[in-house]
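Dropping the structure in here first, questions after.
Think of it as A, B, C and D in the order they're written, each chain with its own count starting at 1.
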Amino acid sequence: MGNKDQLQLGDHLFNSRLLVGTGKYENHDIMKKSIEASSTEMVTMALRRVDLKNPRENVLNFIPKNMTLLPNTSGARNAEEAIRIAKIARAAGCGDFVKIEVISDQKYLLPDNYETLKATKTLAAEGFYVLPYMSPDLMAAKEMEKAGAKAVMPLGSPIGSNRGIENKGLIKILINEIKVPIIVDAGIGKPSHAAEAMELGAKAVLVNTAIAASKDPIEMARAFDYAVKAGRLAYLSKFGEVKAQGDASSPLTGFLRKEQ
Amino acid sequence: MGNKDQLQLGDHLFNSRLLVGTGKYENHDIMKKSIEASSTEMVTMALRRVDLKNPRENVLNFIPKNMTLLPNTSGARNAEEAIRIAKIARAAGCGDFVKIEVISDQKYLLPDNYETLKATKTLAAEGFYVLPYMSPDLMAAKEMEKAGAKAVMPLGSPIGSNRGIENKGLIKILINEIKVPIIVDAGIGKPSHAAEAMELGAKAVLVNTAIAASKDPIEMARAFDYAVKAGRLAYLSKFGEVKAQGDASSPLTGFLRKEQ
Amino acid sequence: MGNKDQLQLGDHLFNSRLLVGTGKYENHDIMKKSIEASSTEMVTMALRRVDLKNPRENVLNFIPKNMTLLPNTSGARNAEEAIRIAKIARAAGCGDFVKIEVISDQKYLLPDNYETLKATKTLAAEGFYVLPYMSPDLMAAKEMEKAGAKAVMPLGSPIGSNRGIENKGLIKILINEIKVPIIVDAGIGKPSHAAEAMELGAKAVLVNTAIAASKDPIEMARAFDYAVKAGRLAYLSKFGEVKAQGDASSPLTGFLRKEQ
Amino acid sequence: MGNKDQLQLGDHLFNSRLLVGTGKYENHDIMKKSIEASSTEMVTMALRRVDLKNPRENVLNFIPKNMTLLPNTSGARNAEEAIRIAKIARAAGCGDFVKIEVISDQKYLLPDNYETLKATKTLAAEGFYVLPYMSPDLMAAKEMEKAGAKAVMPLGSPIGSNRGIENKGLIKILINEIKVPIIVDAGIGKPSHAAEAMELGAKAVLVNTAIAASKDPIEMARAFDYAVKAGRLAYLSKFGEVKAQGDASSPLTGFLRKEQ
């Protein structure tokens, strides 16, 4: 694979295809070590957790220096709020990337594709590198791409549910039809889920809860790093056929008869 | 994880929990490089492929020297034939390990648990390190363990089918109830399947077709190495809960309101 | 269950919870007999198949007289076209019901939720009984309900794919959160899929391809009738627990010991 | 379908393909009504529940008169005990049918295929109509058939777990390869599971817990009756193809253009 297989988001290149979050960790120190163990190069955090007036508690101090920041608009309930958060983040020096999260439903925390699209249009036009988080829907994804999104982030299953890639059929269609990278976000609860997303052809995955809520987040971060690499390598190497019947690895030849 | 998490089979210790096969490769050279790329330490081969009279073509010459050999009894249709093959293998210097494969059904290539148990009893009593390949069945697995098997190898789905861990429920029961290691064998078609087996608590997996039949077996071998490590690390690190609803990684606080 | 468990769409009541289509049948006669065998009370047909100038070929002549018609806007690529078709259908005497289908993607035939919502708003305001066909998305479904839809019809998997209820998680959320009936449409390939949708709590299902493309559509229509009734009855009767372990139906008591 | 599609077990013919149990009901009266609602013609009961000395409490008094009895050997931990129970049942006038259940594992209640086979051999030779309950394993099923079993009853998932047909792959192989009827037993928790078993080609299903543990067992019994009929009719009518992409029921023709 070597250094040629990189994730491209706009004009940025990344060696790691695992994006991680910063929520739900027991403390900032475990968070920092988990981020390092994951080999990630892009870390998302809710802007509200960036306490600009209290640098001691500022989550940014615990994110390794070489990371690309992906501030998210968690807390936004409509496009307008998302746009406002994105601008505060850029002004605060978090860079040009932004993950749009617009959630009006507080029970399942499902994204609002329509408001997300509106925010994507505005922010992309203002030079942001926009990564919209969305319900997997082909038409909405096409609109996001047309609006200038640098990637599209469909949910595998509801945030924090750890149920895996439930919407496989819809996500595979996005992978087939959308030209910007598909990054599976939300619902990935196990390394096997991350590997499966990559085997399907996702260009990256974002994992937070599954790492942070593990008994050993640092080792779990390492597990996800391996799983994403496994899935990506397998996707590039291509699979053999799935067969209805068995097919012997070591077929019967006349061995026993010959030896007699 | 370090050097303490090792696979133990009898009194042997292994750092890698991926066992690989030698069938179906395009040529011996690709096989050798794939074995190396997999980081495996145990390689299975059908004894009939060990051409004792023609050393040039002997598959053993292409298996890296530091490997533990796991000759299998592929081709055996009953206990007696399996026992005979095992003894030829040991006499030929392949060591004490043997994977018992007794297959009378030539369509689905499903193992015969009863004949396999008979061969396991005899060979374990003669000092072999026996690894029986079997249909996932708790009672039969208990008998194999009692007979002295060093591990039990249930099939995930029919050999070469690449359909993954179809018999999850039955395999999980073996993992819970059998004390010797459970090694999932057959049917593993993708790295995500291997990771899933390890996450369930299997102690190792055996993969052949999925690597050998890939367009790029060497890279696919590497992918499986990563996947097995991912699944094992995750199993040891323990998972958070699976939830019915969403659960925010970055919950809404008064952020937007405060900033106004 | 009796006559109290009826499907309500607006002010109409239906005893059958199976809606069927009229496409893909070998001929009109088999279609008619299949509709009758299904016990359905509501039949959908593409308006383009209603040849108003050639009464002989008019599909309407082959739909049993007691059926409620559900003209659909198949062929519409945006809200405007859907609205136009709906109005032609009503003017032609097809009644007030309309299923909105707006499909711009000709490969996967996935609905365009945004255009569908626009058509729903307009037509509901004009007194139509609107049933929008949609990608399963909670926010979009809430908007459809707010716009006056009499039911919401999420797809189980792509039209004609026969792959079943792939989007179970998202559909279950719609069932929990939307007050108008959820009718699962598209992708139902087997009676077990229809039963599963009903067991989840869908209020009805729409089936076309699975009946019409069967070798024996008339008997298959009867099979779906039974399956929908089975799933509905089961939903109303409520399920026992799903258990991780076994639980004996006939537990061991001292029987054998006593008899000795 | 008519009167030609009957389940044949030995020389007995049955119109219903749903077998039901008698355990776990709240009381005998609900049990009786549930049996009647199910349209079953064959009822299984643990012999230990047949209190021969206390006719009032005797479960047999609550089984409708026209039923074929299928006494089971629940409680047996080996072949010998199963044989003994079967003989007591026949002597007590329960008829020639017997379901062999040999369970030594008290945690998962999984059958012991080897002891079951021994009991099958003995009892079939003595003229019993033997239906062995088993772990799904092709070789063991072939042996049971050879021993004279009138049907083979693989488990879908552990007894009482309600998890459905987990072992689909193995059961489909039995359906393809075994000539006597395959009756799926254990684990069927919902009508959709029963329909699925029948669609796969099972000749019948046995359901107990899912009916008895429902909030409304009588209606649930009716639901299973419908589901089994649905699955059987569908199997006989044959399915259309499963497709990767969508396939329009009402394809776009020039309709809108023509009408302009």
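Everything below uses one rule, namely that a contact is a pair of C-beta atoms (placed from the backbone, for glycine too) under 8 Å apart; a residue touches a chain by one contact, two chains touch by 3 or more.
Protein names from UniProt, one per chain: A, B, C, D = Thiazole synthase.
Quick caveat, the model's predicted, so the values are computed rather than measured.
K.L.:
Return the chains shared as contacts by subunit A (Thiazole synthase) and subunit C (Thiazole synthase), ordered by label.
P.N.:
Touches both subunit A (Thiazole synthase) and subunit C (Thiazole synthase): nothing.
K.L.:
What chain lies farthest away from subunit C (Thiazole synthase) once each centre is taken as the mean of the Cα atoms?
P.N.:
Computed centres place B farthest from subunit C (Thiazole synthase).
K.L.:
Just give me the whole-number Å value for how far the CA centre of subunit A (Thiazole synthase) lies from that of subunit B (Thiazole synthase).
P.N.:
The computed centroid separation for subunit A (Thiazole synthase) versus subunit B (Thiazole synthase) comes out at 31 Å.
K.L.:
Measuring from the mean C-alpha position of subunit A (Thiazole synthase) to the mean C-alpha position of subunit D (Thiazole synthase), what distance in angstrom results?
P.N.:
45
K.L.:
Return the residues of subunit B (Thiazole synthase) touching two or more other chains; collapse runs of consecutive numbers into ranges.
P.N.:
107-108, 110, 158, 163
K.L.:
For this entry, which pairs of chains touch?
P.N.:
A-B, A-C, B-D, C-D
K.L.:
Residues of subunit B (Thiazole synthase) touching subunit A (Thiazole synthase) in their complex?
P.N.:
Interface residues on subunit B (Thiazole synthase), with respect to subunit A (Thiazole synthase): 1, 21, 23-24, 45-49, 72, 74-76, 81, 84-85, 88, 101, 103, 106-110, 158-163, 186, 189-193, 195-196, 199, 208-210, 212-217, 219-220, 222-227, 229-234, 236-253, 255-256, 259.
K.L.:
Can you tell me which positions in subunit D (Thiazole synthase) touch subunit B (Thiazole synthase) when the two form their complex?
P.N.:
Those in contact with subunit B (Thiazole synthase) are residues 104-105, 107-108, 110-114, 135, 137-140, 143, 157-158, 163, 166-170, 173, 177.
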